[in-house]
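As written, the chains take the letters A, B, C and D, and residue 1 is the first residue of each chain.
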(Lines give C-alpha, C1' and ligand atoms only; values in the text may rest on other atoms or scores of the structure.)
Protein backbone atom coordinates (compact mmCIF):
# COMPACT_ATOMS: atom_id res chain seq x y z
CA UNK A 1 0.00 0.00 0.00
CA UNK A 2 1.53 3.28 -1.14
CA UNK A 3 1.21 6.34 1.04
CA UNK A 4 1.67 10.07 0.67
CA UNK A 5 2.47 11.56 4.06
CA UNK A 6 3.02 14.98 5.50
CA UNK A 7 5.28 14.76 8.55
CA UNK A 8 6.04 17.47 11.08
CA UNK A 9 8.26 16.36 13.97
CA UNK A 10 8.17 18.65 17.03
CA UNK A 11 10.92 18.06 19.62
CA UNK A 12 9.89 19.39 23.06
CA UNK A 13 12.09 20.37 25.95
CA UNK A 14 15.01 21.48 23.77
CA UNK A 15 14.37 25.18 23.28
CA UNK A 16 12.91 27.09 20.35
CA UNK A 17 15.41 26.15 17.66
CA UNK A 18 14.54 22.75 16.28
CA UNK A 19 16.16 22.85 12.82
CA UNK A 20 18.98 20.43 13.72
CA UNK A 21 16.40 17.83 14.75
CA UNK A 22 14.40 18.38 11.58
CA UNK A 23 17.60 18.06 9.53
CA UNK A 24 18.38 14.73 11.25
CA UNK A 25 14.92 13.50 10.23
CA UNK A 26 15.49 14.64 6.63
CA UNK A 27 18.66 12.54 6.56
CA UNK A 28 16.79 9.50 7.89
CA UNK A 29 14.11 9.85 5.22
CA UNK A 30 16.71 10.21 2.45
CA UNK A 31 18.74 7.23 3.70
CA UNK A 32 15.53 5.19 3.65
CA UNK A 33 15.32 5.93 -0.06
CA UNK A 34 12.03 7.78 0.26
CA UNK A 35 10.95 10.59 -2.03
CA UNK A 36 10.66 13.75 0.08
CA UNK A 37 9.94 17.45 -0.29
CA UNK A 38 10.66 19.79 2.60
CA UNK A 39 8.29 22.73 3.10
CA UNK A 40 7.92 25.45 5.71
CA UNK A 41 5.77 23.38 8.09
CA UNK A 42 6.80 19.79 7.50
CA UNK A 43 7.96 17.34 4.86
CA UNK A 44 5.98 15.55 2.16
CA UNK A 45 6.96 11.89 1.84
CA UNK A 46 6.02 9.28 -0.73
CA UNK A 47 6.66 5.56 -0.45
CA UNK A 48 5.41 2.19 0.67
CA UNK A 49 3.52 2.20 3.99
CA UNK A 50 5.98 0.03 5.92
CA UNK A 51 9.07 1.89 4.69
CA UNK A 52 7.57 5.31 5.44
CA UNK A 53 6.30 4.36 8.89
CA UNK A 54 9.60 2.66 9.80
CA UNK A 55 11.36 5.93 8.93
CA UNK A 56 8.98 7.90 11.16
CA UNK A 57 9.80 5.56 14.05
CA UNK A 58 13.51 6.05 13.41
CA UNK A 59 12.96 9.84 13.47
CA UNK A 60 11.42 9.62 16.96
CA UNK A 61 14.20 7.34 18.20
CA UNK A 62 16.87 9.63 16.75
CA UNK A 63 15.40 12.88 18.06
CA UNK A 64 15.18 11.30 21.53
CA UNK A 65 18.81 10.12 21.19
CA UNK A 66 19.80 13.70 20.28
CA UNK A 67 18.46 14.82 23.65
CA UNK A 68 14.78 15.64 23.27
CA UNK A 69 12.86 14.08 26.18
CA UNK A 70 9.56 14.51 24.39
CA UNK A 71 8.64 14.34 20.70
CA UNK A 72 5.24 15.08 19.17
CA UNK A 73 4.69 14.41 15.48
CA UNK A 74 1.82 15.70 13.40
CA UNK A 75 1.09 13.45 10.47
CA UNK A 76 -1.29 13.53 7.53
CA UNK A 77 -1.35 10.19 5.81
CA UNK A 78 -3.18 9.44 2.58
CA UNK A 79 -3.81 6.18 0.76
CA UNK A 80 -5.97 5.51 -2.27
CA UNK A 81 -7.07 2.42 -4.13
CA UNK A 82 -8.76 4.04 -7.14
CA UNK A 83 -5.54 5.08 -8.86
CA UNK A 84 -1.85 5.63 -8.48
CA UNK A 85 -0.94 9.19 -7.56
CA UNK A 86 2.38 10.89 -6.87
CA UNK A 87 3.10 14.03 -4.86
CA UNK A 88 3.66 15.88 -8.16
CA UNK A 89 0.29 14.67 -9.47
CA UNK A 90 -1.44 16.20 -6.47
CA UNK A 91 0.17 19.59 -7.03
CA UNK A 92 -0.36 19.49 -10.80
CA UNK A 93 -4.06 18.68 -10.50
CA UNK A 94 -4.58 21.82 -8.39
CA UNK A 95 -2.41 23.97 -10.66
CA UNK A 96 -4.33 22.75 -13.72
CA UNK A 97 -7.53 24.10 -12.13
CA UNK A 98 -5.83 27.42 -11.44
CA UNK A 99 -5.06 27.78 -15.12
CA UNK B 1 8.72 2.69 22.75
CA UNK B 2 5.31 3.64 24.11
CA UNK B 3 3.16 6.08 22.21
CA UNK B 4 0.10 8.18 22.89
CA UNK B 5 -1.68 8.87 19.62
CA UNK B 6 -4.65 10.86 18.46
CA UNK B 7 -6.11 9.28 15.32
CA UNK B 8 -8.75 10.74 13.01
CA UNK B 9 -9.51 8.62 9.95
CA UNK B 10 -11.28 10.47 7.12
CA UNK B 11 -12.77 8.26 4.37
CA UNK B 12 -13.22 10.20 1.11
CA UNK B 13 -15.54 9.46 -1.76
CA UNK B 14 -18.22 7.83 0.40
CA UNK B 15 -20.55 10.72 1.23
CA UNK B 16 -20.85 12.80 4.38
CA UNK B 17 -21.71 10.07 6.88
CA UNK B 18 -18.55 8.36 7.99
CA UNK B 19 -19.57 6.92 11.37
CA UNK B 20 -19.68 3.30 10.15
CA UNK B 21 -16.06 3.60 8.99
CA UNK B 22 -15.01 5.18 12.27
CA UNK B 23 -16.83 2.39 14.16
CA UNK B 24 -14.93 -0.24 12.13
CA UNK B 25 -11.67 1.43 13.16
CA UNK B 26 -12.76 1.43 16.81
CA UNK B 27 -13.30 -2.31 16.57
CA UNK B 28 -9.84 -2.83 15.07
CA UNK B 29 -8.21 -0.82 17.86
CA UNK B 30 -10.10 -2.77 20.55
CA UNK B 31 -9.29 -6.13 18.96
CA UNK B 32 -5.63 -5.10 18.95
CA UNK B 33 -5.90 -4.79 22.73
CA UNK B 34 -5.09 -1.08 22.69
CA UNK B 35 -6.37 1.38 25.25
CA UNK B 36 -8.61 3.88 23.46
CA UNK B 37 -10.88 6.82 24.17
CA UNK B 38 -13.22 8.09 21.47
CA UNK B 39 -13.84 11.85 21.34
CA UNK B 40 -15.72 14.15 19.00
CA UNK B 41 -12.85 14.60 16.52
CA UNK B 42 -10.83 11.40 16.76
CA UNK B 43 -9.67 8.68 19.12
CA UNK B 44 -6.92 8.72 21.72
CA UNK B 45 -4.84 5.54 21.66
CA UNK B 46 -2.18 4.30 24.04
CA UNK B 47 0.17 1.39 23.42
CA UNK B 48 3.46 0.17 22.05
CA UNK B 49 4.59 1.88 18.82
CA UNK B 50 4.48 -1.22 16.60
CA UNK B 51 1.08 -2.39 17.87
CA UNK B 52 -0.49 1.06 17.49
CA UNK B 53 0.93 1.68 14.02
CA UNK B 54 -0.05 -1.82 12.84
CA UNK B 55 -3.62 -1.05 13.93
CA UNK B 56 -3.58 2.22 11.97
CA UNK B 57 -2.51 0.32 8.85
CA UNK B 58 -5.32 -2.17 9.38
CA UNK B 59 -7.77 0.75 9.69
CA UNK B 60 -6.73 2.07 6.27
CA UNK B 61 -6.94 -1.40 4.70
CA UNK B 62 -10.36 -2.01 6.25
CA UNK B 63 -11.85 1.35 5.30
CA UNK B 64 -10.67 0.78 1.71
CA UNK B 65 -12.18 -2.73 1.80
CA UNK B 66 -15.48 -1.18 2.99
CA UNK B 67 -15.56 0.85 -0.23
CA UNK B 68 -13.70 4.11 0.39
CA UNK B 69 -11.37 4.76 -2.57
CA UNK B 70 -9.41 7.34 -0.62
CA UNK B 71 -8.53 7.58 3.06
CA UNK B 72 -6.76 10.46 4.77
CA UNK B 73 -5.74 10.12 8.41
CA UNK B 74 -4.71 12.92 10.70
CA UNK B 75 -2.43 11.72 13.46
CA UNK B 76 -0.77 13.29 16.48
CA UNK B 77 1.82 10.97 17.91
CA UNK B 78 3.71 11.54 21.12
CA UNK B 79 6.64 9.69 22.68
CA UNK B 80 8.70 10.59 25.73
CA UNK B 81 11.80 9.19 27.36
CA UNK B 82 11.83 11.25 30.56
CA UNK B 83 9.00 9.39 32.25
CA UNK B 84 6.10 7.04 31.74
CA UNK B 85 2.80 8.79 31.13
CA UNK B 86 -0.71 7.52 30.45
CA UNK B 87 -3.60 9.26 28.69
CA UNK B 88 -5.23 9.77 32.11
CA UNK B 89 -2.03 11.34 33.45
CA UNK B 90 -2.12 13.92 30.67
CA UNK B 91 -5.71 14.92 31.45
CA UNK B 92 -5.13 14.90 35.22
CA UNK B 93 -2.06 17.14 35.00
CA UNK B 94 -4.14 19.80 33.21
CA UNK B 95 -7.10 19.41 35.59
CA UNK B 96 -4.78 19.76 38.58
CA UNK B 97 -3.72 23.16 37.25
CA UNK B 98 -7.35 24.15 36.80
CA UNK B 99 -7.97 23.47 40.47
CA UNK C 1 -21.34 29.31 10.78
CA UNK C 2 -21.01 26.77 13.57
CA UNK C 3 -17.77 24.90 13.99
CA UNK C 4 -16.56 21.82 15.84
CA UNK C 5 -12.84 22.15 16.48
CA UNK C 6 -10.11 20.05 17.96
CA UNK C 7 -7.38 22.27 19.38
CA UNK C 8 -3.93 21.23 20.59
CA UNK C 9 -1.71 24.13 21.67
CA UNK C 10 2.02 23.29 21.85
CA UNK C 11 4.21 25.85 23.66
CA UNK C 12 7.85 25.57 22.56
CA UNK C 13 10.96 26.69 24.39
CA UNK C 14 9.48 26.17 27.87
CA UNK C 15 10.53 22.64 28.73
CA UNK C 16 8.60 19.39 28.64
CA UNK C 17 5.82 20.22 31.09
CA UNK C 18 3.15 22.19 29.30
CA UNK C 19 0.08 21.50 31.46
CA UNK C 20 -0.03 24.99 32.99
CA UNK C 21 -0.21 26.49 29.48
CA UNK C 22 -2.93 24.06 28.45
CA UNK C 23 -4.85 24.89 31.65
CA UNK C 24 -4.64 28.61 30.82
CA UNK C 25 -6.14 27.87 27.40
CA UNK C 26 -8.93 25.83 29.02
CA UNK C 27 -9.79 28.86 31.14
CA UNK C 28 -9.88 31.13 28.09
CA UNK C 29 -12.23 28.76 26.27
CA UNK C 30 -14.56 28.50 29.28
CA UNK C 31 -14.59 32.27 29.81
CA UNK C 32 -15.54 32.66 26.16
CA UNK C 33 -18.64 30.59 26.93
CA UNK C 34 -17.65 27.82 24.53
CA UNK C 35 -18.60 24.19 24.98
CA UNK C 36 -15.39 22.19 25.50
CA UNK C 37 -14.22 18.69 26.26
CA UNK C 38 -10.61 18.07 27.24
CA UNK C 39 -9.00 14.84 26.05
CA UNK C 40 -5.52 13.35 26.23
CA UNK C 41 -4.24 15.07 23.06
CA UNK C 42 -6.24 18.29 22.80
CA UNK C 43 -9.62 19.85 23.44
CA UNK C 44 -12.86 19.55 21.49
CA UNK C 45 -14.62 22.90 21.12
CA UNK C 46 -18.07 23.75 19.79
CA UNK C 47 -19.33 27.22 18.96
CA UNK C 48 -19.72 29.95 16.39
CA UNK C 49 -16.72 30.37 14.04
CA UNK C 50 -15.80 33.91 15.13
CA UNK C 51 -16.06 33.16 18.86
CA UNK C 52 -14.03 29.96 18.60
CA UNK C 53 -11.30 31.50 16.45
CA UNK C 54 -11.09 34.58 18.67
CA UNK C 55 -10.51 32.27 21.63
CA UNK C 56 -7.72 30.46 19.77
CA UNK C 57 -6.03 33.82 19.12
CA UNK C 58 -6.32 34.68 22.80
CA UNK C 59 -4.73 31.31 23.66
CA UNK C 60 -1.67 32.13 21.54
CA UNK C 61 -1.40 35.63 23.01
CA UNK C 62 -1.73 34.29 26.55
CA UNK C 63 0.77 31.45 26.15
CA UNK C 64 3.27 33.94 24.73
CA UNK C 65 2.57 36.30 27.67
CA UNK C 66 3.21 33.37 30.06
CA UNK C 67 6.72 33.12 28.60
CA UNK C 68 6.62 30.78 25.61
CA UNK C 69 8.59 32.36 22.75
CA UNK C 70 7.05 30.00 20.24
CA UNK C 71 3.59 28.43 20.02
CA UNK C 72 2.44 25.87 17.48
CA UNK C 73 -1.21 24.84 17.41
CA UNK C 74 -2.63 21.84 15.66
CA UNK C 75 -6.25 22.33 14.71
CA UNK C 76 -8.94 20.23 13.12
CA UNK C 77 -11.90 22.36 12.17
CA UNK C 78 -15.18 21.06 10.84
CA UNK C 79 -18.21 22.87 9.41
CA UNK C 80 -21.28 21.42 7.76
CA UNK C 81 -24.29 22.87 6.00
CA UNK C 82 -26.41 19.73 5.61
CA UNK C 83 -27.48 19.55 9.23
CA UNK C 84 -26.80 20.75 12.73
CA UNK C 85 -24.50 18.47 14.70
CA UNK C 86 -23.08 18.66 18.21
CA UNK C 87 -19.94 17.06 19.64
CA UNK C 88 -22.17 14.55 21.45
CA UNK C 89 -23.96 13.71 18.19
CA UNK C 90 -20.63 12.81 16.59
CA UNK C 91 -19.71 10.44 19.40
CA UNK C 92 -23.21 8.93 19.60
CA UNK C 93 -23.35 8.19 15.87
CA UNK C 94 -20.16 6.12 16.15
CA UNK C 95 -21.29 4.39 19.34
CA UNK C 96 -24.63 3.49 17.72
CA UNK C 97 -22.71 1.64 15.00
CA UNK C 98 -20.68 -0.18 17.64
CA UNK C 99 -23.90 -1.49 19.19
CA UNK D 1 0.70 38.94 15.46
CA UNK D 2 2.26 37.26 12.44
CA UNK D 3 1.47 33.64 11.72
CA UNK D 4 2.90 30.87 9.57
CA UNK D 5 0.15 28.37 8.81
CA UNK D 6 -0.16 25.08 7.05
CA UNK D 7 -3.69 24.65 5.72
CA UNK D 8 -5.27 21.50 4.28
CA UNK D 9 -8.95 21.85 3.37
CA UNK D 10 -10.82 18.55 2.97
CA UNK D 11 -14.26 18.76 1.32
CA UNK D 12 -16.44 15.78 2.24
CA UNK D 13 -19.42 14.37 0.40
CA UNK D 14 -18.18 15.43 -3.05
CA UNK D 15 -16.28 12.38 -4.25
CA UNK D 16 -12.57 11.65 -4.38
CA UNK D 17 -11.43 14.49 -6.64
CA UNK D 18 -11.06 17.63 -4.58
CA UNK D 19 -8.58 19.66 -6.67
CA UNK D 20 -11.18 22.19 -7.87
CA UNK D 21 -12.02 23.00 -4.24
CA UNK D 22 -8.36 23.32 -3.33
CA UNK D 23 -7.83 25.59 -6.34
CA UNK D 24 -10.71 27.81 -5.21
CA UNK D 25 -9.02 28.14 -1.81
CA UNK D 26 -5.70 29.02 -3.49
CA UNK D 27 -7.47 31.85 -5.31
CA UNK D 28 -8.98 33.14 -2.06
CA UNK D 29 -5.58 33.16 -0.37
CA UNK D 30 -3.95 34.99 -3.29
CA UNK D 31 -6.76 37.56 -3.49
CA UNK D 32 -6.27 38.19 0.23
CA UNK D 33 -2.70 39.20 -0.60
CA UNK D 34 -1.19 36.42 1.50
CA UNK D 35 2.13 34.77 0.76
CA UNK D 36 1.45 31.12 -0.05
CA UNK D 37 3.25 27.98 -1.16
CA UNK D 38 1.26 24.99 -2.34
CA UNK D 39 2.65 21.54 -1.51
CA UNK D 40 1.42 17.97 -1.96
CA UNK D 41 -0.59 17.88 1.30
CA UNK D 42 -1.64 21.47 1.92
CA UNK D 43 -0.56 25.07 1.55
CA UNK D 44 1.89 27.12 3.59
CA UNK D 45 0.60 30.61 4.33
CA UNK D 46 2.31 33.61 5.87
CA UNK D 47 0.59 36.78 7.05
CA UNK D 48 -1.08 38.64 9.87
CA UNK D 49 -3.29 36.48 12.14
CA UNK D 50 -6.59 38.24 11.32
CA UNK D 51 -6.00 38.28 7.55
CA UNK D 52 -4.96 34.62 7.45
CA UNK D 53 -7.84 33.41 9.61
CA UNK D 54 -10.36 35.50 7.67
CA UNK D 55 -9.15 33.79 4.50
CA UNK D 56 -9.58 30.36 6.08
CA UNK D 57 -13.18 31.25 6.96
CA UNK D 58 -13.79 32.38 3.38
CA UNK D 59 -12.36 29.04 2.17
CA UNK D 60 -14.92 27.12 4.23
CA UNK D 61 -17.77 29.37 3.05
CA UNK D 62 -16.69 29.04 -0.57
CA UNK D 63 -16.22 25.26 -0.52
CA UNK D 64 -19.69 24.91 1.01
CA UNK D 65 -21.09 27.25 -1.66
CA UNK D 66 -19.45 25.05 -4.34
CA UNK D 67 -21.54 22.14 -3.05
CA UNK D 68 -19.61 20.41 -0.29
CA UNK D 69 -21.99 19.73 2.63
CA UNK D 70 -19.11 19.09 4.98
CA UNK D 71 -15.63 20.61 5.20
CA UNK D 72 -12.85 19.55 7.55
CA UNK D 73 -9.65 21.58 7.66
CA UNK D 74 -6.39 20.50 9.20
CA UNK D 75 -4.32 23.45 10.32
CA UNK D 76 -0.88 23.91 11.84
CA UNK D 77 -0.46 27.44 13.08
CA UNK D 78 2.74 28.90 14.43
CA UNK D 79 3.47 32.22 16.13
CA UNK D 80 6.66 33.40 17.76
CA UNK D 81 7.65 36.45 19.77
CA UNK D 82 11.41 35.91 19.97
CA UNK D 83 12.13 36.91 16.39
CA UNK D 84 10.65 37.52 12.98
CA UNK D 85 10.73 34.46 10.74
CA UNK D 86 9.50 33.85 7.21
CA UNK D 87 8.54 30.59 5.52
CA UNK D 88 11.84 30.74 3.59
CA UNK D 89 13.77 31.22 6.83
CA UNK D 90 12.28 28.00 8.21
CA UNK D 91 13.33 26.00 5.15
CA UNK D 92 16.77 27.63 4.97
CA UNK D 93 17.56 26.90 8.62
CA UNK D 94 16.96 23.20 8.03
CA UNK D 95 18.89 23.17 4.74
CA UNK D 96 21.85 24.91 6.42
CA UNK D 97 22.03 22.02 8.89
CA UNK D 98 21.93 19.54 6.01
CA UNK D 99 25.00 21.19 4.53
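Here, a contact is a pair of C-beta atoms (placed from the backbone, for glycine too) under 8 Å apart; a residue touches a chain by one contact, two chains touch by 3 or more.
Quick caveat, the model's predicted, so the values are computed rather than measured.
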item	value
Most widely separated chain from subunit D, with each centre as the mean of CA atoms	B
Copy-to-copy rotation for subunit A and subunit B - C-alpha atoms, rounded to a multiple of 5°	180
Computed distance of Cα centres, subunit B from subunit A, in Å	19
Centre-of-Cα separation between subunit D and subunit B, whole angstrom	25
Centre distance in Å when subunit B and subunit C are each reduced to the mean of their C-alpha atoms	18
Two or more partner chains touched - positions in subunit D	13, 16, 69-70, 72, 74, 76, 78, 80, 82
Contact footprint of subunit A on subunit C as seen in their complex	10, 12-13, 15-16, 18, 69-70, 72, 74
Contacting residues of subunit A [partner subunit B, same complex]	1, 13, 49, 53, 56-57, 60-61, 64, 69-82
Residue numbers on subunit B that touch subunit C, as the complex places them	4-6, 8, 16-17, 19-20, 22-23, 26-27, 37-42, 44, 46, 74, 76, 78, 80, 82, 87-88, 90-91, 93-98
